[in-house]
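Given below, in the form of structure tokens, are the structures.
In what follows, chain A forms one complex with chain B and a second complex with chain C.
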Partner chain A sequence: MKSMLQRKVVRALIVVWTLTVLLFLYMPMMAVVMASFTKQRYFRFPVNAWDTRWYEKAFESLSVRDLFWTSFSVALLVTILSVVLAFFGALAFARYDWKGRKMYQRIILLPIFFPQAVLGLALLLWFSSLGITTSWHTAVFAHMIWILPIVTLIMSIQVYSFDPVWEEAAYDLGASRLQVLREITLPILSPGIISGAVFAFLLSWGNFPLSLFTTGADQTIPEWLYSKMVSGYTPMVPTLGSLTMGGAAGFLLIAFLIVLAVRRLRAGKPD
Partner chain B sequence: MNEVPLGFLELRGVTKQFGEFTALEDVNLSISEGEFFTLVGPSGSGKTTLIRILVGMDSPTSGEIALRGDVINHVPANRRPTCMVFQNLALFPHKTVGQNVEFAMKIAGVATSTRRERALELLELLRLPSDFYSKRINQCSGGERQRIALARALAFDPEILFFDEPLSALDFRLRKTLEKELKDIHRETGKTFVYITHSLEEAMVMSDRIGILNHGKLIQIGSPDDIYNRPLNKFVAQFMGEVNTLAVEKAGTGKVKDSATGSMYEITENGQEFESGFMIIRPEVMKIGGAADVLPNRIQGVLFNDYALGSRIQYQVRSADGEDQWLVERLQDDPFSGNAGEPVTIGWRAEDSILVSS
Partner chain C sequence: MKSFSDWIRQPGLLNAVPVGLFLLVGFAGPLVLVLLYSFMPPKTFTLNQVPTVENYLSVVTQSYYISFGWSLMLAVITVALLLVITYPIAYGMTKLFNRWATLITILVALPLLISENIRLFGWVLLLLKNGVIDGSLQYLLGVSLSGLLYTVPAVVLGLVYVYLPFMLFPLVIGMSMVPDSLKEAASDLGASRLQIFWEVELPLSMPGILIGSLLVFILSLGSLAESKILGGQVIVMIADDIESAFTFAQNWPKGSVLSVLLITLSLVIIFFLFRNIDLDRLVGRR
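For the complex of A and B:
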């Protein structure tokens, strides 16, 4: 039998280990946030003079607004398109057994494993040989190639646990196809749809290598951060970095609240 | 032309083919209103295909299905005034018990308060306390889920209620309870129930009439008594449970001859035509030991072993050469006192044998 002391030591070690991992993961991000509140024009750490003027500048700047809208439009469009396509794709994968299904599933997943920079370059070559001018529209397409398989995969997990007999039962009880979709399929698959959407948005929002090659004259926030790091550093870099992170965190929070609200609504009142 | 009286649900020459495979072959059946009809068959007999066609989830390759005289072959499931209790029940996991029961009414646009009232009535009919209304499905036990599924189907107010072996996943005792409950619900609601199962025993408990299905063909339709006492062929006789079967041929008035050994047995002629086929004797009508000595049909054998079946004990007797084996059953409180390995006499009365041609 273990003594009380041994147990206490083990528990303490677990706490220390957990804290170390968290520190390792989150300290760099905290450093960026702290750097964004500096008064200086140069990137220095630790920060010794604090100020919020870079945030004021960021909010006033029209080019920052452009960056934000470009990133947001790309991410939003990628999310909507991926969720719709992945929804039907996942249903097709999980529900029907057709010849070559496994093979197709693997081939469609393959782009995830390519280096994104190579994928971006390949797409750029492809776009230019087709005579398509790259802009944030083409970036949406590029992001989709990488993100759609991931979203499909996430949704498939939920769809595999979906029993089509629920749809049959609803249909048998008089529901139309549309009512079945609204009453049965969508609500039961909603956790998968929501997590798929969250992944799609965040992966697109933070994507750099694909955007770099395919946005053309438009610029997303990660691209801007990179270009400013390479030449012409301004403390706006950590500021905007912090804001993007904040945006992602805020998006996650909203998604979480939606899930919570949906769950409460369902459990609470009869429909 | 003569007016042909129409059944409530009428199947005429229903055939279903999946490519080369014939799942159902020329099924003709007439079910009356308010009847509890059970289709029984082993797995692969086509019973699931048939019920899917009946509820409208599949359509027959040829033949007609008519409800109150109207052909409904091409009416989809959601437009048919019938519904089904599924094998795995198919209760909606994201809805509460109340929401499940109310589903059909919600679809039909019934007002919320009416829906609730009706759902609570149905829960009461199915002996579920009213606090189940707001429970989640995963908080309910297997038996409770059965009742909820039945309540949900009844809330649809169907003209015919179909059942696709809903009790098959339950343990024995609960199944027995629910079989009786189902029969009670049938009487209380007066609805037409069409039930499918692989268990003839289950069918016997509940049904007004039974249809036996094998290899896509409807072999016999009759009351439980018909099926049990007047099976049309060996398959039906053996489907109920273990029976003694002997290949025989007619050998003069009141006699048949064992096709293999030539032994003669007495039978009771009941006007049925019989040339050759099988003689079926149920284990529970067989006698063993002293009681067999006075019977016209006797066989000498060796007691091989005995098996306790609960209310009865089964004795396996083998012929001297060990080729044939016979089953005899006696009530549990009236055991036979022989030992395994000892020679015994078994026998049966002339009127206890059932003759079938195929």
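For the complex of A and C:
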């Protein structure tokens, strides 16, 4: 009986510990949202006056609009380009057995674990040596060095569960290459493609170390936040921080709803 | 030559070309350039100079060992703390939580999609003088704890906070590979709980522990934002030194030398990691 009790206590402790760590993970983000609604210029706790004026200012500000569009354009381009390239990359990663594949799998993963700030600086050196002026376009390129491998990896998970027999059957029935791609390969791989796209967008949207050195005169939201945190603090920091988090959450929600809708459509359509 | 033409026509290889070319131009190219610049005379901006090892010598003789030392030390501390923090959670996720484990996985992974800056700024608000922690203590107990921010422990906190998922997930994968039957067998043979932990669980989940530790180690080693946002000026980490060499000091060769040292260390660890994992099994669960 004693060991039963012991086991229960250990179990309870682990549950409590896990919940504590989860709280630890979300506490800073809650603090940012809370700070964005305070009235004082400098954050104090407990908060005694709430206000939404920093949100009003953020929505009116033209420079905030610029920051938003830069971040959005970078993330959108990174998503589209990464998904297209990673589609082929994932097929090479998981679908085909070829000489050199093991080597390729490892090379693909290298950039993911590489120190991003150093990669950003190396790219800065690279661009200026090639005579390319850095702007948000070069940031798209820089983000992709890190994000393309991640998207490839995510899509590969889907590709592993893909049975090539479906493609072969379609070919046997006289389908063309394009038809097979459109009717068989893409639909089966679509969950992987969607999750890859979601990750690509959000990782680019929030990226800081690569943007810092490769956007030139342009600025993304995470860069702006960093510059204001380090010097010249303004109460707009928690507000814009909350807005970017809200944007990410909204994006995730929309992606989730799209996946649900597609699933429902497919289920309703007789094959 | 026939074997080469066969090799080049493999469909897998053809599909690998776009990503491969992209990484060649965007990843291998810059790294080679950094390596070349590390051999150029100090404060030069072209590659057509006479190669020299002067920068390497000056980096070794100057006080850069301090920032390297800080980075290495903080990385080791972060790894140790995260092992202790995440081990019970990983155990719970593989053995106790059942279907709740998926929810916890999602909850731990979600913050990764939020900019590191914003999350670290949240810690600034928590640790600040009159911030959430200090303010609550003042309000409830009347004591002030104002010197929390801009300290070394605050930087460690930031590193632990940001890299927690990179330790937890490898641990979970490693632990899920330990079959329960082995533990039962050990228990039947009269092993105590502690013995089972030391002799069965720990050795068998070692691959996960190793991968998680090395991952967190290299990520912490190359970190920049944590020490800048939470540490203020209290310490300089190596990524910080590299940044100032490239930007404020305008000394590309020196920045390159420091980068080469950090990159070499990271690459050695990454290759060691790769030798120990089978990607087909890890990603494809085959």
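The rule we apply is simple: the second predicted complex is superposed on the first by the 247 of 271 C-alpha atoms of A that agree within 3 Å, B and C clash if a C-alpha of one lies under 4 Å from a C-alpha of the other, contacts with A are read in each partner's own complex, and residues count from 1 in each chain.
Just so it is clear, a contact is a pair of C-beta atoms (placed from the backbone, for glycine too) under 8 Å apart; a residue touches a chain by one contact, two chains touch by 3 or more.
What you see is a predicted model; the values in this text were computed from it and never measured.
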| item | value |
| --- | --- |
| First (chain B), second (chain C), both or neither touched by A:203 | second |
| Partner chain(s) touched by A:258 [first = chain B, second = chain C, both, neither] | neither |
| First, second, both or neither for A:175, with chain B first and chain C second | first |
| Touching partner for A:188 - first (chain B), second (chain C), both, neither | first |
| Which superposed partner A:126 touches (first chain B, second chain C, both, neither) | second |
| Touching partner for A:141 - first (chain B), second (chain C), both, neither | second |
| Touched partner set for A:43, first chain B, second chain C, both or neither | second |
| Contacts of A:160 with chain B and chain C, given as first, second, both or neither | second |
| Chain B or chain C, by number of chain A residues touched | C |
| Common ground on chain A, meaning residues reached by chain C in one complex and by chain B in the other | none |
| Chain B residues within the chain A interface of the complex | 55-57, 76-79, 83-84, 86, 88, 90, 92-96, 98-99, 102-104, 106-108, 112, 116, 134, 136, 152-153, 156 |
| Partner chain C, residues of chain A touching it in the complex | 11, 13-15, 17-18, 21-22, 24-32, 34-35, 43-46, 85-86, 88-89, 91-102, 104-111, 113-119, 121-126, 129, 141-142, 144-145, 148-149, 152-153, 156-157, 160-161, 199, 202-203, 205-209, 213, 221-222, 225-226, 229-230, 237-238, 241, 244-245, 248, 252 |
| Touch list for chain A against partner chain B, complex | 163, 165-166, 168-176, 179, 183-184, 187-188, 266-267, 270-271 |
| Partner chain A, residues of chain C touching it in the complex | 7, 10-20, 22-23, 26-27, 29-31, 33-34, 37, 47, 85-86, 88-89, 91-92, 96-97, 104, 107-108, 111, 113-126, 128, 130-132, 134-136, 139, 161, 164, 215, 218-219, 221-225, 228-229, 239, 242-243, 246, 252, 255-256, 259, 262-263, 266-267, 270, 273-274, 279-280, 283-286 |
